[in-house]
Structures are given as structure tokens and as C-alpha cells.
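Common to both upcoming complexes is chain A, partnered first by chain B, then by chain C.
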Partner chain A sequence: MNEIYFNAYAGYLEGVVRGYRDGLITAPQYLNLTQCETMDDLKLQLATTDYASFLQNEPSPMSTSTLSARCTDALVAEFQYLQQNAAEPISKFLDYITYGYMIDNVILLITGTLHERDTHDLLEKCHPLGFFDTMPALCVATTVQDLYSTVLVDSPLAGYFRECLSAEDLNELNIEIIRNTLHKAYLEDFYAYCQSLGEPTASIMSNILKLEADRRTVNITINSFGTELSKDDRAKLYPRLGNMYPEAQTRLARVDDIDQVKAILEQYSEYKAMLVGVSLGASSGGTGANDVTLEDRFFAREVQFNKDSFEQQFHYGVFYSWLRLKEQEIRNVVWVAECISQQQKDKINNYTSIY
Partner chain B sequence: MSEKTSNPASIDNQLFELFDCVAEYQQLRSSSSILLRQAFFDLASAKRSAGYQWISPDLYSGRAHAIATVSIGEEHPIDMRVVRNNSRIDNGNEKGQGSDREKTDGGLKRRSRRHLSSDESEHAKLTASGDEDEEDLPGDTEKPDKKQRSVAVNDPLLWFGMLVPPTLKAAQSGFVSSLDKFVQLAQLKHRLVQQQQALQEAMAGITA
Partner chain C sequence: MAAVRDNVFPTRMNLTTTKTRLKGAETGHSLLKRKSEALTTRFRAIVRKIEDAKLKMGKVMQNASFSLAEVAYITGDISYQVRESAKHATFRVSAKQENVSGVLLPAFERDTRMGGGSQFELTGLGRGGQQIQKARAVYMTAVEMLVELASLQTAFVILDEVIKLTNRRVNAIEYVIIPRIENTISYINSELDEQDREEFYRLKKIQGKKKERAAVAQRETDAKATARHEMPVRDILAEQVDEDIIF
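Moving on, here comes the complex of A and B:
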């Protein structure tokens, strides 16, 4: 029955997002990008993509941070067009997507205020997709209770703060815990909402969000080695969904080094395949030309799920998938730009190709 | 010096010393270039991993100041050395520092008075219980708890959060290691110039 009425309220937007999907950079275009010698060459090659109008007025030489910012502007413009033309129930789904960016903006503002940065500068650096009305007031909060009661209680993030209210003062450790707790609560809430939408959105988004949860679990584990974060606190940050929940998460919460992480992941068939040929000690992008990291494998798997999302119609997953594919594309383009500017041509092909 | 300049054999020795110094300089320059190149690459990898928004100058602390400086001798400029403020870093590694921070840290209340506007005066009254942190300048009268708090701020890695990717830690390690090499390079360069001048004088003495 969903197919009968879907086009009435979301058909146009699905058509638009499929058009956006067709504008993603293809493998031959990536080949041209990797053969560029300078940033000006790269800018010339990007003139044939959706980023052309956003890059044309940038002066040379263009930095990689500027390239990242302009590419993000292109993504924001396209997404905001979808939001402006969306009605219920699709608008609620698009709003859910923006909550992740709101969390990032909240953390950016309170971290910047903790470090005595100018609030006007901070507001300009916030992600446009995560902007909400009471956001500028974040800078005057002193404790989590203040943060919640004065600013966030009327924002969409209010419900996610329940698990954070035990933290009293805002310092580096607590801010990191708050950040990951918010993302955990958001992911779980988003998952539940997608399940309520029924098929096929439920099954498509289930795969994508479970992978996101697993990726967060592994990243939190690896990044927490050698920090002040206790194992109990680490376990509390893991999202309560995903293929690693609950058994693998219980074991990952107790590990002390990356070899133990690998040993646990190898016991699960889907992740054992991902670990083949992975250099866990290598940095992202590899220390050598052909080194692949676990993170690269997660990116590749995420891209595959998001591409598969477009194989079905009449579901909301295409909007989320397009956004994630676009972000991956920006990550690829900026990576190529970094390799060009740093003269690291042997590592330039360590991007995750989409099409 | 006059004995050296008058002896052609000593000029040869000076020349060999100069060549050795040049070789050492080139080797050190090459190794420091490799170290720095890898550090910048690790930084790019960290940005790709954590997100370009999270590892950027936007997250730099407004109260950042150097934890390592290069001291240059006034009488002997070649006497350069890296001075690291290890006491601050060691304080940051003390056990229980995290819990002490939670007890005494004012979090966002850590603002210097001059940044407070009249609109924030009420907020200042609420928080003026001795927890306000002044900028950590040499010679300031500091409370011990403020010294401990300033340690966390001094580690630039913490500006980007507690759970930073391993590549960012590797990048920091690379940049820190390269500082010593830069000082050695400067010292070598100074020595090279001195040897070159001495050799030129010696050559001029022979031709004269």
C-alpha cells in the first residue's frame, strides 16, 4: 500500500534525490582527479561536477580546507532544497537526519567556549544543517543542567540529554562522554523511528544504522586506548544496536590493545571478511600505496549499503543514503587534494570509489 | 687561526670537516623532511577519519601557548636548545588529575574577567567563587588547582576531544620529534657558515 501513496507526497523529492545521485563523481572522473598535478588542475577538473559553481570564485591557490568547505556548501544547498520542498511525513525524516549535525554543533560551541574562543567565530563554523534557534545561547551555559534547562529543553535534542545529566561540570572528558552519549541516543532513536515507518524503509535503514553503530563501537574502542576514559565509561558509549550488540560490545569494552580488537572481530563472519588484508596499525589511507585500514573497509561497506538503497523505490532511505554518499565523495575529493598538495601521489588512490 | 691559515694541510682538514658537516646537514635535513612529511600525512589521515570539522583551527584553544621553546645563547648563538616545560606535562600525567579537575574545574566558567561583558555580570557573580581561571602567564600568582587545569589545555591533542584517532596522536608525535631536528639543523647551519668563513679566510691567506 505504501507504493500507491508514496509518490503523492514524496515522489518529486525521490526524483530529485535520484538526480542528485546521478551527479556523483564516477570512476573515470576520479581517475582524472588523481592525475592532477596541482590544486588548480584539480579545480579545473571539478568544474565538470556539481561543485563547479561553488568553486569557480575561489582564488588560487586553493587550500584543502577551502575545498572541503565549498564542497560542504554544495551538499548543504542540495539538502536544504529537499527540506524546503518536503512535507510530512518526509520532512520529519529529513529533520531526523539533521539532529546528528545539531549534536556536533552543540559540542563544537561548548568546546569552543571552554577554550575561550569568540562565540561569533564559532557560530560561523557550525554546520548549517545542524543550526537551531537557541544555539547561540549555548555559550553561556556552565554545567550540563544549565545547558539542558536554559537552551536545549526546547530543542529537538532534549530527549537525548537524559543520559547526560549525571555529568556535572563541562571539561574535556565529560564533553567527550556527552558527545558520544548524544550520538548513541540519537542513533537508537533514529533506528526506532525508521522501524516505525515500516517496510521497505525499516529494513534498508536498519542495515545502514546497524553498520553505523558497529563502526562507532570500533572507533570508540580504538580511540580510547591510552586515554582517561575508563572501561566502564567506554561500554556506556556503545550504541545499543548493531551486529556487535550486545556480545561483541561486552568483550570490546574490556580490551586494551588493537590486537585484541582484531581477535574479537575475527569471530564474526561479516567482520572477518572485512579484516582480510587490513593493516590495523596503519593510518587511514595506509602507510603504503596499497595498505588498507579497517576504517577504509567500513567506508566501503557503508558505500555498498547506501548504493543498494537506490535499488528499491518508495522508501525514505534514499535521502539518507544520498547524503552519506555525498559526504563520502567530499571525503574522497579532499583526500585527493591533500595527496596532491603534499606530493603523496603513491597514496592518492586510497579513496573509497562510489560508482 | 693564523697557524691554520698558513698551513695548506690544515686547509685540507678544514675542507674535509666542511664536507662532513655538509653531509651531516643534508642527512639531518632529509630525515627531518621525511618525519615532517609523514606527520602532515598523518594529520590529513586524521582529518579524513574524524571529520574535517573536528580537526581544524576552529578547535584551537584561545589560551594556547607554547609548551616548548627554543633558547638561544646571547654570547654563543650556536648554543640553541629546546626547552620543554616538562613540569606542566608531568602534572597532567598525575593520577587523579581527572577527578581533581572535575571537582575544581569551572568548565565553561573558565573565562578571564576582561572577556565578561555587562550582560554576563550576573553570570560572573554566580561563578565568582574562586573558580575563575586567569590566563596562565609567567609570574602570575596561580593556585595549584589552576596549574593542574592549565596542563590539560596545554596538550593540543585535547583540543580535539578525548577520543582522537591514532593518526592524530602519530602526527603530534612526528611534529614534536621534528622540533629537535630543526634545532640541530639550525646549529649545523651556523657551524657550516662559520667553517665556510674560516675556509675562505684561509684560502685568501694562501693566495695572498
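Moving on, here comes the complex of A and C:
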């Protein structure tokens, strides 16, 4: 990447995205949000943020699901503005970001097709960021075979499908396995693409994507305990990148319980710190207010990496980072809203603060 | 009230039957009373259990919906995947019947035979699987709770009905049937007494008449006897009254 020309192509968008970043909710604002007693108070507090225009027309008893939907609308509007103003190669980068959502959408539609539901209703449930032109055509296909041969081959995801799945797999494999296989392929592809962009995008994105890959690895390991997923299948779902690839992954593929996972993670200095104070295992009940899960720590770490990417200039990582931060922020806001509406004030501070 | 009685002939046989009926009514009354007491005891226990269960329910449901919020925080919306991957019921309820002093109460129980693994155990494989499993477990307890509450609540309604019915019967026996039978008995008794008295009077009367008649007969014989003893001296002179001779 030639820094000299960066501003000519991407300067405007980088400026916009940095502006967006400044609109993220800050710690004092979070404090204000957590002080709210009712959803109306929360709405009033959110009126000072970027979400104001999306929330102002909502009728007063606002449910958390509408809040979540409106916040997502805000995110989508901002992202689409970026996409509309992007030229090559940023537009390609932005497209890559949306592939992840596309996978989820396609999986949703496949699930619907497999169970012979009317997939038109499902289009509304799809994440707007993962919307692609041929997606409505997916609804036309009534069998999975059709879906694969006529529609998916034309979608941007065709490559991932071709590499890992045959049409028969779509019928036979568990839909979650398909989803994870696709995500794995996507992650690897995205990583390779980022490497091709050259420094500094490559190094920044590699940090973030490696973390993402490690998180997937750990999660898949932990979540596959006690399920029908065999150890070989488990190993196949691990993304072939990340700090734990390949050495720790081969070991993770063979473990049977959470303590062994912990032992493996502790060999990595960056994860060892994360494990302190974490209650591993789903059986812990999670009654304590200060109960921190591994997932929370991963979120925190992801936020940290994404924040760090704003410290450098002349790279595309900011777009990805901003999107991730914004998503985290929406999760936080919805979490706070849930806590308020369900009157579980003691857990209200379990969000992952950004700034 | 006192006038209400069965329309029977006041005979001794009817008195015996009515007395048997009274005995039967009293036995029935005490039996029903005991049944109603047993049911009431049971009812109170159920009411107490319902109260406990309802209080607990609030907490459990709150926990459950909050665990769903946790899932939403980590993974986003999973409802569709979960709905679609559910192929057969993992939680089944079987109804049994329980006999409480002759009342059949339905008791719902979780059918443990099914057990079975969850079908969406792979949901959230990449992210949030633990939270999903946790939410699942919490909701499972919530559903169990609901089932328990449902069987209690049904028992409550049925028992309420039955207790009312039994109490009505007890009261009917106590305040209507038994008094009526008692009235009948006393009526029959009084009629019989009346008949007795009539009979007695008649006997007395007859006796009186007989005595009178006997006395009359006695007097006649007596008179005859005296007449024989003191046969009057025939005064022939007096008997024969000659016509005055006029000269």
C-alpha cells in the first residue's frame, strides 16, 4: 500500500469512519444509561447519541427488540454510506466484511428451504448487511439441490461453498456444521485477502482475525463437549490460522473437558491473562453479578484490538474495527436495556465498555 | 320445618324402616363429613403449595428470560435456528391420576423416559453455545415448574368443586334429610301412641259396658233371688174383688 496515494482513494472514507468512531458511546454516557430506571429514560439518554434520529419516531413503550432493530438500522445506514462512497479497493474490502453476514443469511435461508418453509418471510429476518443481489432468488429454489446449483454458485459465497461442501452435504450435514465450515473458509479467505493488501492493513487485520480465529477455535472446542460432533469433525471446523494454529489446535481437537482447554490456553501468555477470574463451563449457573465468562473476555480483547487499529493511519482495518465496535456498542445498549426492562440491575454493568 | 315429613302410613313396619333410614343417613353424614375434612386438608396443602410455586415461578421465569437476554447479548437472535432444528419434543408431560378420598385428581409429570439429547446442541457452536445451553437448562426448570403448577392448579379447581359438592351434601343430610326422617319417626310415634290411646280407651269403654252389663245381670239375678225368698203372701181377698152387691 502506497501511503502517498492513500488519501486520494480512501482519505474521505477514513475521515468519515473516524468521525463515526467519535460518535461511539463513551464511558460517562454508559454510566448515564445504567442509571436509567425505565426504557423511556434510556430513550431520552440515547437521544444525545447517534441513534437519536432512529429512535425518535418510536412510540413510547419501546421493547428491547425494537431498540435492537433500530440501532442495527443506524449501523446499517452508516455502513451503507461508506459502501456507496467507496471505490476499489476499499469497496472490495467492505464487501469482504459483509460476507460474514451473508453466510448467516444464506444459512438461514437454507434452514428454511430444508424445512420447506416459505422463505420469503425469512428475507425480513436476514441481516441487512449480508444482503446481496441474488439473495431473493434463493427463495425461488425449493430444494437444496436447486439452491446449490442455480443460486449459490452465482453468489459471492460460491467459492466457500465450492471448496468445502457438495450439494449432498447441504442435505445431510447439520446446519450448524455447515455454518461453521463456511465461516472458517471465509475467515481464511479474508485473512489471505488482507495479507495481499500489504502493510499496515495486513498486520493490523491479521491481529484481529487471528483473535477471531482463536476465539472460534476455543468456542467450538468448548461447545462441542458432550455433543454428537466427533473429534475429527471438530478439528475440521477450526480455522487454519491464528495464534494457536496449528500446534494447539491439534491438541484442542483431542481434549474432553474444559480443564484441559484451560491448560492449553495457559501456555499462551495473551490468553493466560484472560483466564484469570473467568468461570469456565456452562454449569456454573451464572448467578453471581460479577460472573465473567470467557466470552466476555474475548469481547473485551476484541474491543481492545479494534481500538488499537485506530491508532494507525493509512490502512483499511479501521473500517472493520469500526463495524465491530459499533456492533459491540449495540450489544451493550441492548444489554443495558434488557437489564432495565427486566429489572436485573445487579448485572447491568456486565457490558464491555469501549471508550 | 317441623311439618315436613315423609308421606307414610304410620305403621310399626314403617317405623322400623324409617329408623333404619335414619341410621343410614347418620352414617352417610359422618362419612361425608370425614371425606370433606380430608379433602379440605388436602386442599389447604395444595393452596400452600400453589402459593409457594407461584412465588418461585416469578423468580424462575425472570431468571429464564434473563438468560435469554444473555444469549442475545452474545449470539444475537437464534430463535429461528432453534425452532427449525426442533424435530420432536424433548419435554413431554404425562398425566397420571391420583385418588384422594374418592376424587380423581390429575397429576402432570415430566415424562422422564424421553430424556434425549437436545437437538440444537450445536447451535451457537462458533459463539455463545455455553450461554445457549445454560438458557436451555434454565428454561427447562421453568417449564418443569410450570408443569408442577399446572397440576396443582387443576387439582385446586377440581378439589374446590368437590369440596363444595360434598359440603352441600353434608349440609343437606344434616339439615334436611335427618330432620325429615326424625319428623317422620316422631309422627309415626305420635300416631301410634294416638292409636294406642284410642285402643286403650275403647278397651276401657268396652270393659265399662261389659261391667255395666254384668252389673245389670247381677242385679237381675239378685232380684230374682230375693224375690224367691220373700215371696209375697197372696192376698186372695185383695185379689178377688167382688162386685159390690147392691141391694
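Everything below uses one rule, namely that the second predicted complex is superposed on the first by the 323 of 355 C-alpha atoms of A that agree within 3 Å, B and C clash if a C-alpha of one lies under 4 Å from a C-alpha of the other, contacts with A are read in each partner's own complex, and residues count from 1 in each chain.
Everything below uses one rule, namely that contacts are C-beta pairs under 8 Å (C-beta built on N, C-alpha and C of every residue); 3 or more make two chains touch, one makes a residue touch a chain.
What you are looking at is a predicted structure, and each value in this text was computed from that prediction instead of being measured.
Enquirer: Which partner does A:Thr49 contact after superposing on A: first (chain B), second (chain C), both, neither?
Expert: Neither chain B nor chain C is touched by A:Thr49.
Enquirer: Thinking of the overlay built on chain A, is A:Glu338 touched by chain B (first), by chain C (second), by both, or by neither?
Expert: both
Enquirer: Just checking: does A:Gln328 make contact with chain B only, chain C only, both, or neither of them? Give me first, second, both or neither.
Expert: A:Gln328: touches no partner chain.
Enquirer: Of the partners chain B and chain C, which touch A:Asn306 in the superposed model: first, second, both, neither?
Expert: In the superposition, A:Asn306 touches no partner, neither chain B nor chain C.
Enquirer: Look at A:Thr143 in the shared chain and tell me whether it touches chain B only, chain C only, both, or neither; answer first, second, both or neither.
Expert: first
Enquirer: For A:His115, using the defined touch cut-off, is the partner it touches chain B, chain C, both, or neither? Pick first, second, both or neither.
Expert: Both: A:His115 reaches chain B and chain C.
Enquirer: After superposition on the shared chain, which partner residues are touched by A:Ile175: those of chain B (first), chain C (second), both, or neither?
Expert: Both partners, chain B and chain C.
Enquirer: Is it chain B or chain C that touches the larger share of residues in chain A?
Expert: Between chain B and chain C, the winner on chain A residue contacts is B.
Enquirer: So, does A:Arg216 touch the first partner chain B, the second partner chain C, both, or neither?
Expert: The second partner, chain C, only.
Enquirer: Where on chain A do the contacts from chain B and from chain C line up?
Expert: Common interface on chain A, chain B vs chain C: 64, 68, 108, 111-112, 114-115, 117, 122, 125, 174-176, 179-180, 219-220, 222-224, 226-229, 285, 295, 331, 334-335, 338-339, 342, 344, 347.
Enquirer: Where on chain C is chain A touching in the complex?
Expert: Its residues touching chain A are 62, 65-67, 69-70, 72-74, 77, 80-81, 84-85, 117, 121-131, 133-134, 137.
Enquirer: Which part of chain A faces chain C closely enough to touch in the complex?
Expert: Those in contact with chain C are residues 64, 68, 108, 111-112, 114-115, 117, 122, 125, 174-177, 179-180, 183, 215-216, 219-220, 222-224, 226-229, 237, 281-282, 285-286, 293, 295, 331, 334-335, 338-339, 342-344, 347.
Enquirer: Give the list of chain A residues in touch with chain B in this complex.
Expert: Listed in rising order, the residues are 64-65, 68, 104, 108, 110-118, 121-122, 125, 127, 139-143, 168-176, 179-180, 219-220, 222-229, 283-285, 295, 331, 334-335, 338-339, 342, 344, 347.
Enquirer: So in the complex, which bits of chain B are touching chain A?
Expert: 37, 40-42, 44-49, 52-54, 56, 58-63, 98, 101-102, 105-112, 115, 120, 123, 126-127, 152-153, 158-159, 161-167, 169-170
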